[in-house]
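In the part that follows, the structures are each spelled out as structure tokens.
First subunit A sits with subunit B, and in the next complex the same chain sits with subunit C.
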Partner chain A sequence: MVKRIKDNLRIIGMSFEIELRQNLMDGFVLFGIVIQPLIVAFMALWMLKDKGPDFAIFIVVGSAMTGLWTTLLFNGGNSIRGERWAGTLEPLVGAPGSLRIVVFGKVLANVTQSLLSMIGCYTLISLIMGYPLTLSRPILFFISILLTVFSFVSFGVIIASLFILIPDFQRLQNTLEFPVYILCGFLFPIALLPGWTTPISIILSPYWAARALHGSAQGTLEINQIFISWGLLIIFSAIYIVGSGALYRLVLKRARVDATLNTTG
Partner chain B sequence: MNAIEISNLKRQYKTTIGVIKRQTKEVVAVDGISFDIRAGELFGLLGPNGAGKTTTIKMLTTLLIPSSGTATIMGMDVVKEAEKIRPRIGFIFGGERGLYWRLSGLDNLRYFATLYYLDKNVAKKKIPELIELVGLKGREKEKVEGYSRGMRQRLHIARALIHDPEVLFLDEPTMGLDPVGAREMRMTIRDLQSAKKTILLTTHYMFEADALCERIAVINKGKIVALNTPEKLKHTVQDLSIVEIEIFGIPPEFLEKVRNLEFVDSVAVETRDQRQILLVHTPKGPSAISDLVEALNGLRLGKIVTREPTLEDAYVRLVGGQM
Partner chain C sequence: MKKQSVTNIRIFFEGAILSYRALFRWLRPATYIASKILAPLTMMIFFVFIGTYASGSNDASFYVIGNALIFAASSGIFGVTMSIGGERWSGTLPYLFGSPANRLAIFTGRASMHILDGMLGVFIGLGWGVLLFGLDLSQTHLIPLLLTILVTTYSTSGLGLLMGCVGLITRNVMLVNNTVYFLMLLFSGANIRLESLPKWMQVVSKYIPLTRGIASTRLIIAGAGINEIFPLLMEEFLIGFVFTLLGFFLFSTFEKRAKKLGTLEIF
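Here is the complex of A and B:
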């Protein structure tokens, strides 16, 4: 059991390293990591320059989360697609190491690089514009960031399985982008949405991440409410991770029946 | 003891035709094949493009689920016990895909060593050994995108051997290699055979199969049409002679005319540069030449020779002239 955990941690580490190194050698991905967040951060802060820091931090956190989700959806999804096109998905599936663990490492790399780039870009632009971003509860905010990574990664592992199952799934990538922004309350509270959407938001772990981040950044949540958000984030993320085991078994069996592990069948 | 046992293995695909009126069509890629491979044997699977060779290997390497029939590797079922089989097999598919081009050869091997649960210290020792074995020493830190086709193919071999598997599946490992690269690859395969690995090899090159394989199965349209040692397969065409006629363009009606001649067993066409070589299998030997020249009257002919049949001719006869 201990050896299995150690082996899986090594796979996560190696998959993280491989994904990151490949991304850093890809000009298009580098644009998404460095240039695009700088533009988004500049525009977001420029539009908010007269509205005061309380409102600004909500938008900054929200727009950073939307950027994070977009990067995860596109880089993570395209990475699986890239494996299929490069013919490396078959060797990955044919190796004893679990594909789910490999995907976990890949998604973790994408979320981490995106998050670091977002934090860097917003800090840099706010400094250049002389517009300090104040955090109401900085320690709770940074713990929330760490949990947000866990939340996005576990959600990303589930989403990545769709790219394995359906070779043409990239056609539907855009349709997944906005519903998650809206249902998870990245840019505005979910209280503004119709009541029937609330149960969907509640079972999405990024919703709890957004709630904890917004609450700790603006000070709009009590400490115990932030703890509840963390708890539910961890519970739903853990459910995704546990459930992804059975999901990947099903998806890989289907892919082996449908011959979709390679573009050449 | 058999390392691989295959019984009535079948694989079919569904494809759709048409845009508005969509029709589903079933294509049989592998049609109820059966054969066994002994532990330590180098077994060849030969067949024309689309015969079902790669589909067979993909089923045996647990990457495709058979539609029906069974296959076992070291006694383990490829569907029910796929996870137990994977650490004990290695595979490469011909061509240049299947590697991370933006990474170095060394990083590709490090990644797969981790995926095969190789201990860190074991991997540190094993990777340089493999790099040396496949002749990539000194180039291992360069990106794969800068490698030649032969170097990529050799990296594939190193990757397949990273966990020292008992059974190897090599799908056209010399495809697209230059003669020197292909010869080096054959030497590597021979070394693997000496190391008592069980190897299932597919190739288009008959001399390669003849030189390397202990037994050969010929597959055509998803079915095994012959299975024997290279020597015994050659015997199947011993009653025939091969007349090779150099032609500069042969229209299909002339080909049909030759095929329908009473003394002709089978016909195949090979293209070499601007010329075509018409290969006529006939029991009549050199005396068939005058009748053949008459049947091809009006076409520009070159050199005509008669020779003894080879394994390639046996193969051509078995697959009905498809090359």
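Here is the complex of A and C:
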């Protein structure tokens, strides 16, 4: 058991490192992590500036989350497809290590590097534009960041398998970017949306991540409300991880039974 | 002379249709619908909600119109860029540059289908605005609106032609495309009133496509006639023309240098 855990941690570390190295060569990653969040932050700041200077931290957090999601969707989501295109999926599936663990490491790398978008937005709004930025509950905020990384990685692992299992889902990739910004309340409260969308928001772990981050950064949530957000974030992330186990078994079964491992969808 | 002209016109239309089909024919309709209809719609919803949240008003027309016109930029920038830059990725560039075909017909033909496609996109965007956000078109004059949308999609396609040439000399065409597209969102006045932007940004906004197209569309939907928007349209057209010329110059320069240095397929 201990050996298995050690092996899995080593696999996660290796795929994390390789993914980071590969991303250094990918210009689109730069767009997702730096350029888009900064442009969104600037626009949001200009659009929401009448809400007062306290609102700047809301924009930093919300814009950075757009960067997290964009990178997760386009890079993390294509984790398995990328291997397929590179012709490395067969050896990966044939190896004794779990494909899901490899994808976990890759998505973890994508999400971790996306945290740079938060530093970028902070720098733009605080240092360059001169808005005062203070965290109301810094410790809770940093714990929220750790849990956010966990929740996004869980979400990414399940999306990567869905992109393989349902090719039409992958084809809708461009369409999935903004709905999550909208439904998870990254830059405006979901209370503005029609009531029927609320159940969808609730089952998305990024919504609870955004709620915890905004609440702890701005101090708009009581401590117990932040704890509730953490709890639900963990529950939904755990559901994604358990669900992804079944999905990855299906991916491998289809690949072996249907012999479609190298067939691009 | 006459035969040459007929050949050039044929090349223009063949290139237009084939490059457009090449861009989408290998995809299912789901991809087209996702990229050209649903993705811009979700972006519109996002910015409309931020805008109405910011203003505390239910009047979303400012943001709806701005983002509907962004549909033109989506076709103009992504479609046209990939039609030009895609020649290199698909390995057809040597054949293209080896052919005796008129370069201007090849080059400008790549944009024509995307102009029509972009116009359709803007109408879809305005339709979404009417359906979802109650955009009021009762004061709108149809002909000036059509003309504005045509000129705006042309001018954004001019920028797309230029970016397509950039795509011939860079590996990171999607980085360039997406950056330009998002900068257009920022500088064109689609979501932010231009007068509220810093001075230097207002200056930049005067020299890019889309800015005047959006301004003109807002005026038309508020009831303005052709005479009031004509100067804006002329300037928008001129900007598109300048970008097309710049793109063609870059295209010609690239061809000459690539042939001379043997760098046709070197990134």
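Keep this in mind: the second predicted complex is superposed on the first by the 216 of 265 C-alpha atoms of A that agree within 3 Å, B and C clash if a C-alpha of one lies under 4 Å from a C-alpha of the other, contacts with A are read in each partner's own complex, and residues count from 1 in each chain.
Quick note on the criterion: a residue touches a chain if its C-beta (ideal position, glycine included) is under 8 Å from a C-beta of that chain, and two chains touch if they have at least 3 such contacts.
None of the values given here were measured: they were computed from a predicted structure.
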One more residue to check, A:P91. First (subunit B), second (subunit C), both or neither?
first
Of the two partner chains, subunit B (first) and subunit C (second), which one does A:Q36 touch, if any: first, second, both, or neither?
second
Under the stated touch criterion, which partner chain does A:E177 make contact with: subunit B (first), subunit C (second), both, or neither?
second
If you stack the two complexes on chain A, which partner ends up touching A:L193: first (subunit B), second (subunit C), both, or neither?
second
Where does A:D50 make contact in the superposed view: on subunit B (first), on subunit C (second), on both, or on neither?
second
In the overlay, answer first, second, both or neither for which of subunit B and subunit C A:R21 touches.
first
What is the shared patch of subunit A, the residues that subunit B and subunit C both contact?
none
Given the complex, residues on subunit A that touch subunit C span 27-28, 30-31, 35-36, 39-40, 42-44, 46-48, 50-51, 168, 171-175, 177-179, 181-182, 187-189, 192-193
Considering only the defined contacts, which subunit B positions touch subunit A in the complex?
13, 58, 61-65, 83, 86-87, 89, 91, 93, 95, 97-103, 107, 110-112, 114-117, 120, 159
Could you pull out which subunit C residues touch subunit A in their complex?
27-28, 30-31, 34-35, 38-39, 42-43, 45-47, 49-54, 171-172, 174-176, 178-179, 182-183, 185-186, 191-192, 196-197
Quick one: which bits of subunit A touch subunit B in the complex? Just the residue numbers, please.
7, 10-11, 14-15, 18, 21-22, 25-26, 86-88, 90-97, 102, 253, 256-257, 259, 261-262, 265
